[in-house]
């Protein structure tokens, strides 16, 4: 039996070890080793999961572990994973390793930096394995404040404003989540006036539709803020652009996924009837985010802003997939989460690495970097190509699955939404190619760019890790489908309940 | 009268003993060294705190004027603990203070008053306890004798508290008139809800509200907190408040059981006003003590949220939060006290770049503020969650929503301080400050408490157990 | 003796109470404000005595309450005056509106 | 059944060479990259030949009908129980034919590039891209699944992007590559939505199942043809959108604008991608879905026909005015692809009706040979002259004799002069059009005349006209290209000359059965004469340097200018994208985001601040004020809870 | 209307009247004197109600203690002769109206209320009874409050000394 708590324990110990580190080298290596161990643990988990499933275990959650925490309120420490969580855990692990590698040359306050990064990842891991709403919320909030500090202390530009905005908006989102969770909790009478936070138990209780109609928006919008749901996305551009490289990677790669995962695992899963009722709103907002984000990206002059807005657009696909409520679309949403996490981490990573060398992120001031920084520029282009949904990269698989799933909804409204979403891939191509064409291709814009050095080994390692992960999904999407198919089916059975009762 | 008399009143006896020991030392007038005496006093207080764990029995004395049980003993010990921490943190200030012994005598007298108040079985004892805790406190506020602000704060406090207790007394007299009893045990059955009694309820509530700094009865708070010596500010914001909350939970809420609707409505309005106004004012503060005043006002709103639900579970949440609040608030106050005593700086802007020069203290501030803001993994998160859960159990999601959104606003100003400490550059930051053993001890206790109180459910379960006894 | 009803006394006390409040709200001199507080406390005393006398003569609760209120009023007045005098040393004024250094 | 493993090698070899060269080549063996690439392609080509031989002569034919054989298939991405993206190999006449064409031309190009790109420091990158492209294109032609074709469709798009932008330091190359990708991407949007529609209607993505379900009378067909949107059935919409994708890749109107610009890429690339292989993908796509077009959605097929015919004529007109030789060739490509398109458009399904289909494929085949040859010759010329401009050339026939001859063969082939290959395929196309749609036939004839004219305008200007003067003011020297470049020219010239003699209909037809098409001599007289007329005019105008063309241009000033300016379609698009999309959509959205959405968030923050500022006066610092609020609140509470809310 | 009633009314009017004057008088010293009268009036009322002990305490503590203390402090602060600052007119009007209004509705509530008289036998508030109960620990004993108040007085004394003691000039 696999003990999931180790996934929390490893980062925790790493964090403590980081605090004890005496010099920069020690700290870095401790953080790196911890995160690599975590990645290995994640991979081991993946295999033991597949083994369990292959052995015919059809339980919804595997490797469950529960113990009472606050018994008076029936709060439990209850963890368990299914394929979706494992995908998220692996994503997190990969991005963390890459983030740490890319931050290798952090100059100031090493200890604090790596401590916060590990802490942030701890929040994400905990969130993904929690099956108790309270615990889940605990980890969700745990992942907020490190971001504030990471941006505020090591950021650039208008960092204080951005960090504050990010923290407040995310906390605003989690405030909504909190109210939603409590409302859910108090609507789950499991006998003798005892309520439960247990996600699985709640899913088996049918909360009155009327109540769901109030709770669902709270939960969905609350989590939606994390995943940059239009119009609550404005933390993302400012936050991403001010954040240090690793923090941007985490923010876009992991943090935004917390929201998507929550929308799926909590809001939609627990409130299937309401999800069906609100489907059109979600689709509307998601489509708006996709199109709007894409066009807003088109107008950006700063590379990080560009990628941030494009994240808004891409995360719209996640929400679109969830909002469409078909199995294929939801699978697509999950893949999109993983894919976007990897790809945007790579993108932010490469932007950060370029910035470190050129000291500008303005597209207009860059140019011809392919000549002097071939490796980094290639990474940049690969990230861009993944972003524009090129086959062979993960983005393509995810987007196509979402489109396919979305098209299964025959209503005209959904069709138009899907077509608009499809149309965004054209706009994506435009902005990606504009950026790539101007910044890494073309003549060398600045004499100083000639004296820069290409990637260090850590940076190469990080980039290659991410690229391999992206390609492994892009080339062989079947494994990730195998991973999440059964679990999506189980989720769909619950969501189908919502459909049949309508 | 027997041994029971001493055991039941052991906390009070212990306090009085300490007061008189100090009085004797003072009267003898032979001591030279504040430092040694401080060590002695702190040891006495620590012993007092330990005594709080010993043989807690339930019982009544003096014709039910005084009653106690394990919960009350626990509550008293929370106050003992807070007082001990405050005393430890006051070391730097008291080391060279002329009236060190008087400080302790007055402080412990007020603590004694609170004990009597918590243990009170009727309005007379309650009133006496209240005044016993209020009047010497006003004197203590004035203890920075050569500081103008200190006097002004004391004046504001003494006048307004007299005014407030006058109004409350009028209410008590009307309770007496309409029921013929002052005894808490008898009263609930006699209160029927005539208009005069509702007026009475409100008058009495205003007295509580004044002490608790519930909006709109809070206006004295900020001025007094700003003017008072840091250690007294900490005492006001932690001990004084906690005592009133305990009374509110154990006495006042049951008292007006017959007037549940009105009682809840009053709390409803108060909670909304308190949380919102507290936050709105906290945003704009420049002085860190003043800032903490408003932040504590907002926190009180959250506590009231739990109290409004009125179940054992919600009361547990309130008390649990109070403990967390005590730890967190004292964490900040410890640092502020040190900085204020060493450099005289009390403005938020003075703390710019504080982390660069005093990293450990910077983390203490950050951790404490996160706990106050309710950020995991600190205990504050759990405290806030339980408060809000308690509020939600009443089914009033308007309140819960307002509370949740105000957590966001409060996060803003807490983060602003964190930003000041960690991020803002400063040409002349506060110089590296040497901490003394007492302060280290107190801050260490607070930080450990902040980190572990939430994760281990033991404390919470214990309080809940006390409520169900 | 018996012609004087409880209500008469209550009217007196209530009037005194609100006169005291009026005084507290309007007098700009700290000492006169303190005097207003004394009026308030006295009105409460009358209440207690009256209730004790007319309604609940079986116990002396009201009387004792009054006694303790009077005592506390004395202590309070003493501390308050001490503080006011201390403040006077700083401001050279006992006008309450002058003491507004801490605000907003 | 064919053993699939070695068929898999056909696309995989270039892919492996791409990985090898791309990842390691630059660092470890920069010099050998070209050889590795070429060898892998050669192997692919040989295997293709074997496969073609096996298919056409051994196993492909069952009862006289060429079967569609799924040689390999694996599920790649399962969307739902019915719908999945499969990766596989489908063998049928057209895919086998395309395998041959692609591997052969690509091999030629690889060889040619060894000479053309010699000395380029980034040659490893070039060869890796070239291999990537070949892999993608091969994957495209052997697709079993409509989504598989889409995947490789995108991959050829990106390889095209990379190769056009190979000279990335030239802003014009970067712009052209961007333009190519974005325009085709826009068209691919149609393709994607078309796929979605088709997959929804047929509940499959597999070509064979899809065609079967949508051509035979099933419930799928019924629902697909009845569900109507703006008067057209779902199927028509779907196919039209799919065709839009094809039109984008094949540079049909209105998506043609990228093709001329794409000539910024190295010339071998233009030859391979933008003449012989990738640009015909659209034709291939329509051919692949031809039964559905033809049987179930004739409206969509009509659209194909008219778009093809019109593009063809349109491009021919523009080609007459251009002066950049590669651009002329680009427009000529577009024009010839138009031929193929409308040939499909006028074709019917099965038997004699299917002549257009066969003709189209035939033309695709011959065109690949002569157009690649044309480009390679042009490349040789450009290599020598260092300029693309016709005005810089002239009189090269002495200096580059081999190039001259091969170029001439190619010109004759494209012009349709017997017995060169173009004649046979073009004749069939015109015949098919004649039988089906006279208007299109007329346009075809006109285009054929124009083709003859501009091709020979090109020919005469380059190789005759004035004597050559180099830019570098060097004396004219013998300038024939190196052997690696000449060899492909000669081989291609050979094939351009003779491939017309293949009895193409025997192997490739709409329904798989052999189509025996006779050569209608009587019919072919007119087109040939018209072509000769075109050549004559070109001879008259351009044989010797004179000012007649100038006069003619002035005489036709308005039309000439319009044609020279490519009918200002680029400008129109520029206006739409810059003026409308950027200024009227992008900018307002960016403004909205900055001011309304973000402003809203900031406003809520500043509102809190404002309220805080406003209510600060309550905290006046005056004790009496506090008391008043205290007292007022008490009274207020009393009144509120006694009278208003009890 | 009997004589005792008249006495009561005189006392009541005197008390309220002087209280009003105490809160409105211009000169602080006069104000203190009016307060004195008012407190004496209240003591009169206690006498009138036969609570001699309370009346005595009232006179001793209030008249003899607090008022004297107040008068001392008036002298200490050198304010005795001056006219006091006039309060803000708006504040006067608002306070007066609200106090009056609150007074009226409180009286209204009092009128509305039915007070219930106990039926138990009464205890005379004699000094003996008061004294015995004050120090009794059994039922009706008030020893505990007594002790608490004593602590309070001690604390108040300490507080006053610390605060009011003239601080030595800074060394």
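In order of appearance the chains are A, B, C, D and E, and numbering begins at 1 in each one.
To be clear about the criterion, a residue touches a chain if its C-beta (ideal position, glycine included) is under 8 Å from a C-beta of that chain, and two chains touch if they have at least 3 such contacts.
Everything numeric here is computed off the predicted structure, so don't read it as measured data.
Engineer: Suppose every chain is reduced to the average of its Cα atoms; which one is closest to the average of all protein Cα atoms?
Structural biologist: Of all chains shown, the one whose C-alpha centre lies nearest the global C-alpha mean is A.
Engineer: Would you kindly say which chain has the C-alpha centre located farthest from the C-alpha centre of subunit E?
Structural biologist: D
Engineer: Which of the two pairs, A-D or B-E, is linked by more C-beta contacts?
Structural biologist: A-D
Engineer: Could you give the separation in Å between the centres of subunit B and subunit D, each centre being the mean of its C-alpha atoms?
Structural biologist: 77
Engineer: Approximately how many whole Å separate the CA-defined centres of subunit A and subunit B?
Structural biologist: Chain centres of subunit A and subunit B, defined by C-alpha means, are spaced 42 Å apart.
Engineer: Would you kindly tell me how far, in whole Å, the mean C-alpha position of subunit C lies from that of subunit A?
Structural biologist: Inter-chain centre distance comes to 65 Å.
Engineer: Just curious, how far off is subunit E from subunit A if you go by their C-alpha centres, in Å?
Structural biologist: 70
Engineer: Would you please write down the residue numbers of subunit A that are in contact with two or more other chains?
Structural biologist: 168 - these are the residues of subunit A that touch more than one other chain.
Engineer: Can you pull out the residues of subunit E that are in contact with at least two other chains?
Structural biologist: 91, 95, 99, 102, 106, 110, 115-116, 118, 140, 142, 145, 149, 152, 156, 159-160, 163
Engineer: Could you pull out the residues of subunit B that touch at least 2 other chains?
Structural biologist: 124, 128, 131, 135-136, 138-139, 142, 145, 154-156, 159, 163, 167, 177, 180, 195, 199, 222-223, 284
Engineer: Between which chains does touch occur?
Structural biologist: Between chains, contact exists in these pairs: A-B, A-D, B-C, B-D, B-E, C-D, C-E, D-E.
Engineer: Give every residue of subunit C touching subunit E within the complex, in rising order.
Structural biologist: 1, 3-4, 6-12, 14-23, 25-29, 31-32, 34-36, 38-39, 42, 45-46, 49-60, 63-64, 66-68, 70-79, 81-86, 88, 94-95, 97
Engineer: Show me the residue ranges of subunit A that touch subunit B in the complex, using the header's touch definition.
Structural biologist: Within the complex, subunit A contacts subunit B at residues 69-73, 75, 123, 134, 137-139, 141-142, 144-145, 148-149, 152-153, 159-160, 163-164, 167-168, 171-172, 175-176, 178-179, 182-183, 185-186.
Engineer: Quick check on the complex: what are the subunit A residues that touch subunit D?
Structural biologist: Spelled out, the residues of subunit A in touch with subunit D are 165, 168-169, 230-231, 233-234, 292, 295-296, 298-300, 327-328, 331, 368, 370-371, 385, 388-392, 396-397, 400-401, 403-405, 407-408, 410, 418-419, 422-423, 425-426, 429-430, 433-434, 437-438, 440-444, 477-478, 481, 485.
Engineer: Show which residues of subunit D lie in contact with subunit A when the two form their complex.
Structural biologist: Residue positions touching the partner: 75-80, 83, 85, 147, 150-152, 154-155, 158, 161, 165, 168-169, 171, 174-175, 177-178, 181-182, 185-186, 189, 192-193, 196-197, 199-200, 582, 585-587, 589-590, 593, 597-598, 600-601, 605.
Engineer: Considering the complex alone, what residue numbers of subunit B touch subunit E?
Structural biologist: 1, 16, 19, 61-63, 65-66, 99, 102, 105-106, 109-110, 112-113, 116, 124-125, 128-129, 131-132, 135-136, 138-140, 142-143, 145-146, 154, 177-178, 180, 194-196, 199
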